[in-house]
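What follows is a set of structures to go through.
Below are two complexes that have subunit A in common, paired first with subunit B and then with subunit C.
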Partner chain A sequence: MYEIMWLILGILSVISAILVVSRINPVYSALYLMLFFASVSGLFAFLGASFVAVTQLFIYIGAIIVLFLFVIMMLNFEELKKLQRPPLFSPLKGLILSLALFGLLCVPIYFGLPSAHPRHLPADFGSAKWIARDMYIQYPFAIELASVLIIAALAGAFVIARIGKKAKNS
Partner chain B sequence: MSSMVLDAGKILLIFAVFMQIPPLLIYLERKICAFIQDRIGPNRVGPFGILQPLADAIKLITKESITPKNVDVFLYTVAPLFVMVPAAISFAVVPVGADVKLWGHTLQLQIADFHVGILFFLAITSLSVYGLTFGAWASNNKYSLYGGIRSTAQMISYEVAMGLAVICVLMSSGTVYLREMVFAQSHTYFGFLPAWNVFHQPLAFVIFLIAAFAETNRLPFDLPEAESELVGGYHTEYSGMKFAMFFMGEYMAMISMSAIMVTLFFGGWTLPGVVDAHSTTVWNALLSVVVFGIKTGAFLIFFIWIRWTLPRLRYDQLMKLGWKVLIPLALMNLFFTAIWGLRDQIF
Partner chain C sequence: MSPNFLLYIGAALFSIGTFGVLSCRNTLILLMSIEIMLTGVSLSLVTFSWIWANSAGQIFVIFIMAVAAGEAAIGLAIIMAFYRLHKSVQTDKAELMKG
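Let's look at the complex of A and B:
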């Protein structure tokens, strides 16, 4: 039962990821991106990481894709259809790149990745308390650094937007 | 095996009761609205018009379901589901009654007690914005699109304030499990005041309440469907059963929100002196479900009362209230709650 659900979610995530990049209509891309995040969230839930699964739902599906859609809905699709996409990669380069990535993935799988089946986990593994303990007691420095980085990025975006506005006005 | 049957029966029963409340609410909404506006309200179908919801349902099912020509058919069809399904799923984490011992099995009257509790509720309710957004975009109508864009902006803004209010409650009760939260609120202060979180966190409750109105698109925050400016907002192009599903979704979201407010701030199914939190008799469990129903019902009537009393906010007022009033207040509340929680280490 567990393996079957795992397989279904895995296949679903791969299919939806392919559909995200292959759709021409960006609203459908956003829809499949949502499906992709939902199936990844399901995979996390099956690994026992329920907090990560819920944050995946809450942040990626509940906020980030909504913002994507907000921008997409303001696009003019007639203009978009006329747009000819220049080929970003030739098929040969794409093939080499994907084979290299596949090889990279094979290495850890071959050399014995611990089984995906959660066997010997404590009862509250993946709960909010568990994550909080790890984050704020074991790695507080890394968390603080990450938050400073995010604030810097936010301030940077703000400054860039202001510079653009000034240039337009003068 | 028999415990599995009991669990399945419990889930079916909770879901079946949950699905029966929206028609009742529609009747109540029309009656209360009529009372507030000094009218009589529905009184033709059955005694006191009590069969009116049934007549409405028959009308909605038998109506012609029109799909306009230029809509995006797939998204147009699935959009109402995105409103209704999350509202129903989010009810799964709400504990509706005391534990009960049946045929040797102790049954928790809660569909699922996740590790993440209240966070699951927040995550699932945040999905319902997709129904409005997809429905609005797929309708290919400018009024619908305005409604959709408004709802997206509104829901994202108020979700932040709601999340921050919930964090304050989590900090003061020290758990994310809704079940434990209910047990923690079952005792009393000074022998008569119930130990409800609303007395610990009054500001968080007010913020949560306002955000709940905005999240469920109820007046005074029903900008996405403002009739006077947007025709019908996101559901302008919808008719028949698809429209009814949007409608049902709104009421189901209201029920889930009321239930979660009762659980977070008003002691859930407990009531000191009436329900014994640690007893497992059938009588006690029934009593606890009744208490839970009365508390949730009071909130639902409050929702309706507010709708027919307050006028709609202007859009800039809505955004100002969300970002410049509620979020700073919630952050301040969070800060003081943190200081209070760490008072032993600081002072």
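Let's look at the complex of A and C:
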């Protein structure tokens, strides 16, 4: 049962990722990105990581996709629609490089890992309590760093957006 | 089916994101490709967490989500400023520092 869902959701996520990078209109890319995040969230759920799956749905689909769609809405949509894939840098080079990268990544998975069957999972595997206990005991400094990072990103987004506006007005 | 299949899926997602970063001229799709790369790594980490019944993988995924949220906010602010300057979002308009 688990394996069938892994197969279906994995193939769905790869297909939707390919559709994201191959569309010209970024609105379609954002919508396929939503499908991609939903399928990866399903994979997380079928791996037992229920808290991470729900967080993935909230953050990515609820916040990041909406942010992308807002920015697409603020830009000039007619300008975006007539963007063509430029002929200057052919996609063939990128395809060759990314296929080589995929080959490199497959080598350690094929040779280096024992064919793993899972250890005995604890009863509360993947729950918020199980994650939070280890996270707050072992990584308190990283949590503080993440909060500082989020605040810096907030202030930086304000500053960068205002700089662009000033350059337009002057 | 062994969970190594999911590690191959994670590697494929990372490679697809790399292809998008290398070949897309639209900066919006380029940011989306970076999100695809981060999600591929997250999938590998959750798979390892399932294989070894260890919580470190899922904790790292939560930190990756924090970084991805900040990165999307900053990246989209940069895209807005770039669009105001150049009236376009194509990367070949970014030639201010070209020698």
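In this text, the second predicted complex is superposed on the first by the 134 of 170 C-alpha atoms of A that agree within 3 Å, B and C clash if a C-alpha of one lies under 4 Å from a C-alpha of the other, contacts with A are read in each partner's own complex, and residues count from 1 in each chain.
Keep this in mind: a contact is a pair of C-beta atoms (placed from the backbone, for glycine too) under 8 Å apart; a residue touches a chain by one contact, two chains touch by 3 or more.
Predicted model only: the values in this text are computed from it and were never measured.
In the superposition on chain A, A:G126 makes contact with both subunit B and subunit C.
Looking at the shared chain after the overlay, A:F51 reaches both subunit B and subunit C. In the overlay built on the shared chain, the residue A:A63 is in contact with subunit B and with subunit C.
Contacts of A:L31 after superposition: subunit B is touched, whereas subunit C is not reached. By the touch criterion defined above, A:I160 reaches subunit C but does not reach subunit B. Counting residues of subunit A touched by each partner, subunit B versus subunit C, the larger count belongs to C.
Judged by the document's definition of touching, subunit A residues 51, 55, 63, 67, 74, 126 lie at the interface with subunit B and also at the interface with subunit C.
Interface of subunit B with subunit A (complex): residues 72, 75, 114-116, 119-120, 122-124, 126-127, 129-130, 133-134, 136-137, 145, 148-149, 152-153, 155-156, 159, 176. By the touch rule above, subunit C contacts subunit A in their complex via residues 1-9, 11-20, 22-26, 28-29, 31-33, 35-36, 39, 42-43, 46-47, 49-53, 55-56, 58-59, 61-63, 65-74, 76-85, 87-90, 92. Interface of subunit A with subunit B (complex): residues 27, 31, 34, 50-51, 53-55, 57-58, 61-63, 66-67, 69-70, 73-74, 124, 126-129.
Residues of subunit A touching subunit C in their complex: 3, 6-7, 10, 13-14, 17-18, 20-21, 23-24, 26, 29-30, 33, 36-37, 40, 43-44, 47-49, 51-52, 55-56, 59-60, 63-64, 67-68, 71-72, 74-76, 79-80, 83, 85-86, 88-91, 93-95, 97-99, 101-102, 105-106, 109, 113, 115-122, 125-126, 130-131, 134-135, 138-139, 142, 146, 149-150, 152-154, 156-158, 160-161, 163-165, 167-168.
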